[in-house]
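Next come the structures, one after another.
After this come two complexes, each holding chain A, first together with chain B and then together with chain C.
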Partner chain A sequence: MKIESIKLSKWYGQVIGVNNLNCSVEPGITGLLGPNGAGKTTLIRLMTGQLRPSKGSVRINGEEVWNNHRLFKNIGYAPEKDAFWSHMTGEEFVYSLTRMYGFDHDQASAMTKKAIETVEMTESKDKKIAGYSKGMRQRIKIAQAISTDPDILILDEPLNGMDPIGRRSVIDLIRKMGKMEKIVVVSSHILHEIEEMTDTIILMSHGRVLAQGNIYEIRELIDTHPLKVVIRCSNVDVLTAKLMEYEDVKSVQFDREQNQLMVETVKPSEFHKRIPELALKNNISIYSLYSPDENLEAVFSYLVR
Partner chain B sequence: MLYLLRFFTINSFKNKKFTGIAALCALPVVFTLLFIVLYSLFTEQEINFSALFPKISLLLYVHFLLPLVSLFLGSAVIGDEREEQTLSYLLTRPVPRARIIQAKLLSSWVMLSVILNISLFFSYSILTIGSGISHWSSSLLIFIKSGAVLVTGAAVYLSLFALVGGLLKRPVVAGLFFIFGWEASVAFLPGKIKYATIVHYLHSLYPSLNQINNTQNLKANILNFIVSVKNISPLKSIIVLTAITGICIFAASLLLSIKEYRLDQNQ
Partner chain C sequence: MPIFNESYHTWDGYLKERPGTWFVIAKTGVKLAWTKGLIFLLIFSIIPFFVGAVKIFLFSKVQDVGIMTPQIKKIVEDVSFFYDFLKGQMFYLILISIFTGAGLIARDRKNKSFGFYFSKPVSFWDYVAGKFFITGAYGFLVTGAPALVLFIIKVLISRDASFLSNYYYLFFSILGASILSVITMSSVVLAFSAVAQNVRTAAIFFFTFLILPDILRKIFSNVPFVGVFSLTALLKQAQAYIFNVQTPYGFSDISMITAILLILLLSLVILKLKVRTTEVVS
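The block that comes next holds the complex of A and B.
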C-alpha cells in the first residue's frame, strides 16, 4: 500500500499550490508539516481526488486518484474546514456518510456506533452539530473518517481548536491507527503536535517538499548545518579541551556553574560515537546529553530559512 | 443511488432554503385570494372563478413561480454543497460524481413538485370552492393535469438550471434573463422562434386553455395575452421536453465528472 506523488504540480491560475512534488507515503503515520500556505491542504486534496493535478500525478497503489471513485472505498478523509449539514446530529452525520460507502442500514449503524465510541462522543451523538464545540466537531469529523475502518486515513489539521484532553485522545487514536499497518496522513502547522504522533514527516514550504523521511535522518542530512549538543558532565574544562581537538567541532560554550557545555558539530554521528570514548579515557561522568536541535522546530526553521 | 436520493431529499426539506422557497410558493395563493376579494368588492358581474383557474395558474405558476424556484434550486444543486463546503465529503465517497448530481437533481425535483402542487392545490381550492363543492370536485381533473404540467416543467427547468449553474459563475443572473427576458417575450412572438422556449411546450400541455379563450363573460381579458395558440401536439411537447431534460442532465453530470471544485482554502 502506497500513496505516490510523481512530479506533481497544481496551479491556481498564477498561484502555485504545489510545485513539482515527488513524495511517497507508506503504512504508518506520516506528518505533513509546513506553515500556512505551504501547500499541505492542496496536496491532501490532490491525494483525495478533489483536485486534478495540473501536471504529474498522484497514485494510490499505482492507480490515478483523480476521477477514480472506486479508490475512495479505502480512504477516510476529514477536511480541515468545519463543514457540516448543520441540521444533523453527530450520529446522523457519521451514519449518512458511512451509508454512502455502500453499507446497508445495520452495517452503517454498527460502524457509526463504534466510530462514535472511539472518538468518545457517545454522550453527544444525539445533539445537533450546530451546537457542538470546536473540539467536538473535530472529533465527529474524525469519526466519519474512521467509521469504515479504511486502509488510508487522511486528516487535515485534525487537532485544530481541540482542548488538551481531546488533543491527547485524538493523538492516541492516530497512533493506534498507525500501528495497524494503515497509511495515516496527518497535516499540521504545529510541529510538536506532529512530533507527538510520528517521526516520519514530509516537510513542505511554498508548494515544495523540503524534506521527507525520519526526522532524525533528515537532521543527519543537514550536514552543513551544525548540530547543537548540550552535555552535562563532571568535568567541563577537560571535556571542552578534548572536544576542541576535533575538526568537526565548530564551537563550544561552557557554563561551569551548571556543569554544562554546548557543542556545535557538523558531524553529529561521529560526535555521538566519540563522547563515550572520551568520557571513559578521561574519567568524566556524563550526566545528560541531548540536542536542542533534534526536534522538528529546529529542523523546520533551518530548512524553511 | 437510493440512499443518496433519500439523503438529499431529507436534506432538501430540512435545508434553510426550504423556508424561503415555501414562502415564495405561498405568494400565488395570496395573490389568488386577493384577486377574488378585490373582484368581488369592485365588480358586480358574475364570474366563473373555477373557469379562471387554468389561466391564473398558468400565469402565476408556469410563467412565474415554476421557473423562478427552479432557478434557485437548480443552479444551487452543487453550488449549495460548495458554499457549505460539504462537497468535500461527497466528492471523497466511493460514488461516481455523476450520481451525486443526479441524486441531488432528483431530490430537488421531488421537493419542488410537492411544494408547487401544495401551493397549486390551495389556489385551486380558493378559486373553485366559492362556486360550491361540486365545482371543486368536478374540476379536480384540471387541477391534476395542471399539477402534472408543473411536475414536468420542474424536471425541465431544474435540469437546465443545474447545467447553467455548473457552467456559469453567476447562474442566477443568466437564469433571470432567460426566464423574464427570453421566455417571457419570445414565447408570444409569431413565427417559429417560440419553439426555442420551454414555456411554449408547457402551454401546449396545459389543460382547458382553449375553453377559457372562448369564454365570453371573461372580464379579466388582460390575462389572455399569456395564452399561446396550441400549435404543437402534447405528444411532441412531451418528447421535446424529455429530450431537453435528458440532454441537460447528461451534460450537467458530465460537467461534474470532469470539473474540479476549488473550495475556499489556504493552500
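The block that comes next holds the complex of A and C.
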C-alpha cells in the first residue's frame, strides 16, 4: 500500500497551498512536519480526497483519490479543528460518522463501541461533546477516524491541547496502528511529539517538500551544517589530536576539566565508525557520545529557517 | 520554476457506490433537532389543525340537520378550506424553517466540520439532500401532513363517497402545494445558513428576506409586480394556482413560476459555492 503525490499543486485563488509536490507514504508512521502555513493541512485534505488537485494527482495504490468514494472507505481522518457538533454525545458523533461509510446499525454500533474503548472514552461516551475537555475532543475525533479500522489513518495535529497522560495514550495508539502495517500520517508542528512516534518524516515549507525520509539520513545529507558530536572520554588531548587528522572533521572544541570535546564533522557515518577504532588504538575510554543536533529540531531548523 | 495553467484539472478517478449517506445525515439531523423548543413549536402549530378538524365535524353535523346557510358553507367550502389552511400554516413553516434550518450549514461552516463529511463517501449532493431533508421533514409536518389528515377526516366523516369522487384531486393539490412551499422555504433557509457563520445571523438574514419584500409589497400595493419579490406572496400565489382558486396577488402566473425557479436556482448556486472544504490561506 502506498500514497503517492505526483507533481501535486493546489491553489486557493492566488495563494499556493502546495506547489509541484512529489512524495510518497508507505506503511508505518510518517510525521508530516512544517511551520504554520507550510501546506500540511492542504496536503492532508488532498490525500483524503476533500480537495481536488489544481494540477497533478494524489494516488492510493495507483488509484486517484479525488471523488473516489470506494477509497474513502479505507481512509480514517481526524481533522485539526475540535469545535464540532457539540450538541451530540461522543457516541452519537462516532456512530453517525461511522454510518456514513455505509455500515448498518449493528455494524456501526459495534465499531463505535470498539473505537470508543480503544481511545478510553467509554465512561464519557454519553456526555455531550460540549462538556468535553480538549483532550477528550481529540480522542473522540481519533475514535471516529479509527472506527472502521481503515488501512490509512490521517491525523491532523492529533495531540493539540492534550494533557500528558492523554498524549501518552494517543502516542501509544498511533504507534500500535503503525506496527499493524497501516499507513499512519500524523501532522504536527511540535517536533518532539513526532520524534516520539517515528523517525520517518516529510518536512514541508511554503507548499513544498523540503525533505522526506529517515530523520538521521536526512541529517547526514545536510552538508552545509556539520554534525556536532559531543564525546566524554578519558584522554581529551589525544583524541582531539587524532580527530584533527581527518578531513571531514571541521572543528574540535575541548574542555579538559570536564573531559569533554565537541567535534563538527561533515561525514557522520564515517566518523561514528572511526571512534571505536581510535579509542582502542590509543587506549582511550569513551564515557559517552551523543549528537546535540542529530534530532528533528536541528533538521527542522537547518532546512526551514 | 514551472508556470502552471490554473484552468487544468486532473480527473481520472471514478465514482463508486454511495451508501445512502444522505439518509444518515438526515436521520441524525432530524433526531438532533428534536428539542423542547421544537416540540413546543410543533404543538403550537397543530392548533389550527384541531380548529380545522372541529370545523369539519361541525359542518357535517350542520349538514345532517339541514340548516346549511351560505355563510356556514363559506367557512368549510371544500376547496378553499384546504387552501386557507395551508396559507395559514405558512407562518409556522417559516418558524420551523428558521428553527431547524438556520443552523444546519452555518454550524458546520463555523466549526469547519466539512472535513468530517467529505473525507467520507459523502458527496455535495448527499450533504445537501441530508440537510434539506431535516428542515423539509419538519416543514411538511406542519403543512402537508396536517392538511392531508384533515382531508382524510373529511373523507371519513362524509355521509357518502360524493366528496371523495368530486374532490379526490384535493389530495394531490395539498401534496403539491405543501411540497412546493417546503422545498422553496427549505432551499432558501439552507442558502442563508450556508452564507452565514452562525445560527443567529442566518435566521436574521432569512427573516429579513421574508419580511422586507412583504413590507415593500404593502407600500407599493398599487404596483402588483412588486409581489414577485416576496417569497411568501409567491408561495401563496402558487398555492392558489395549484388549488385553482382565485389568486390573491396581481402578478402573472409566469412571473410567479419564473421567480420561484430563480429563487431555487440561486439557492442551489449559493450552496454549491459555500459547501466545500477549501479555505483561503492568507
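Here is the rule we use: the second predicted complex is superposed on the first by the 303 of 305 C-alpha atoms of A that agree within 3 Å, B and C clash if a C-alpha of one lies under 4 Å from a C-alpha of the other, contacts with A are read in each partner's own complex, and residues count from 1 in each chain.
Everything below uses one rule, namely that a contact is a pair of C-beta atoms (placed from the backbone, for glycine too) under 8 Å apart; a residue touches a chain by one contact, two chains touch by 3 or more.
The structure presented is a predicted model; accordingly, all values stated were derived computationally and were not measured.
Chemist: Answer with clash or fit: chain B and chain C placed together on chain A by superposition.
Modeler: Partners clash after overlay.
Chemist: Have a look at where A:65 lands relative to chain B and chain C in the superposition and call it first, second, both or neither.
Modeler: After superposition on chain A, A:65 lies in contact with chain C alone.
Chemist: Given the touch rule stated above, what does A:192 touch, chain B (first), chain C (second), both, or neither?
Modeler: A:192 sits against neither chain B nor chain C.
Chemist: Check whether A:56 is in contact with chain B, with chain C, with both or with neither, and answer first, second, both or neither.
Modeler: So A:56 only meets chain C here.
Chemist: Between chain B and chain C, which one contacts more residues of chain A in the superposed model?
Modeler: The partner making contact with more of chain A's residues is C.
Chemist: In the overlay, answer first, second, both or neither for which of chain B and chain C A:20 touches.
Modeler: A:20 contacts chain C only, not chain B.
Chemist: Could you look at A:179 and tell me whether it touches chain B, chain C, both or neither (first, second, both, neither)?
Modeler: neither
Chemist: Is A:134 touching anything from chain B or chain C once the two structures are fitted on A? First, second, both or neither.
Modeler: neither
Chemist: Considering only touches as defined above, state whether A:250 meets chain B (first), chain C (second), both or neither.
Modeler: Neither partner.
Chemist: Identify the overlap between the chain B-contacting and the chain C-contacting residues of chain A.
Modeler: 12, 15, 17, 37, 42, 45, 48-52, 67, 69-73, 75, 77, 79, 81, 83-85, 87, 96-97, 99-102, 144
Chemist: Show which residues of chain A lie in contact with chain B when the two form their complex.
Modeler: Residues of chain A touching chain B: 12, 15, 17, 36-39, 41-42, 45, 48-52, 67, 69-73, 75, 77, 79-85, 87, 96-97, 99-102, 144, 207.
Chemist: Residues of chain C touching chain A in their complex?
Modeler: Residues in contact with chain A: 2, 4-6, 8-21, 24-25, 28, 32, 107, 110-123, 277-282.
Chemist: Spell out the residues on chain A that touch chain C in their complex, using ranges where they run on.
Modeler: Where chain A meets chain C, its residues are 9, 11-13, 15, 17, 20, 37, 42, 45, 48-57, 63-73, 75, 77, 79, 81, 83-85, 87-88, 92, 96-97, 99-103, 144.
Chemist: What residues on chain B touch chain A, complex-wise?
Modeler: 3-4, 7, 11, 14-15, 84-86, 88-97, 257-258, 260-267
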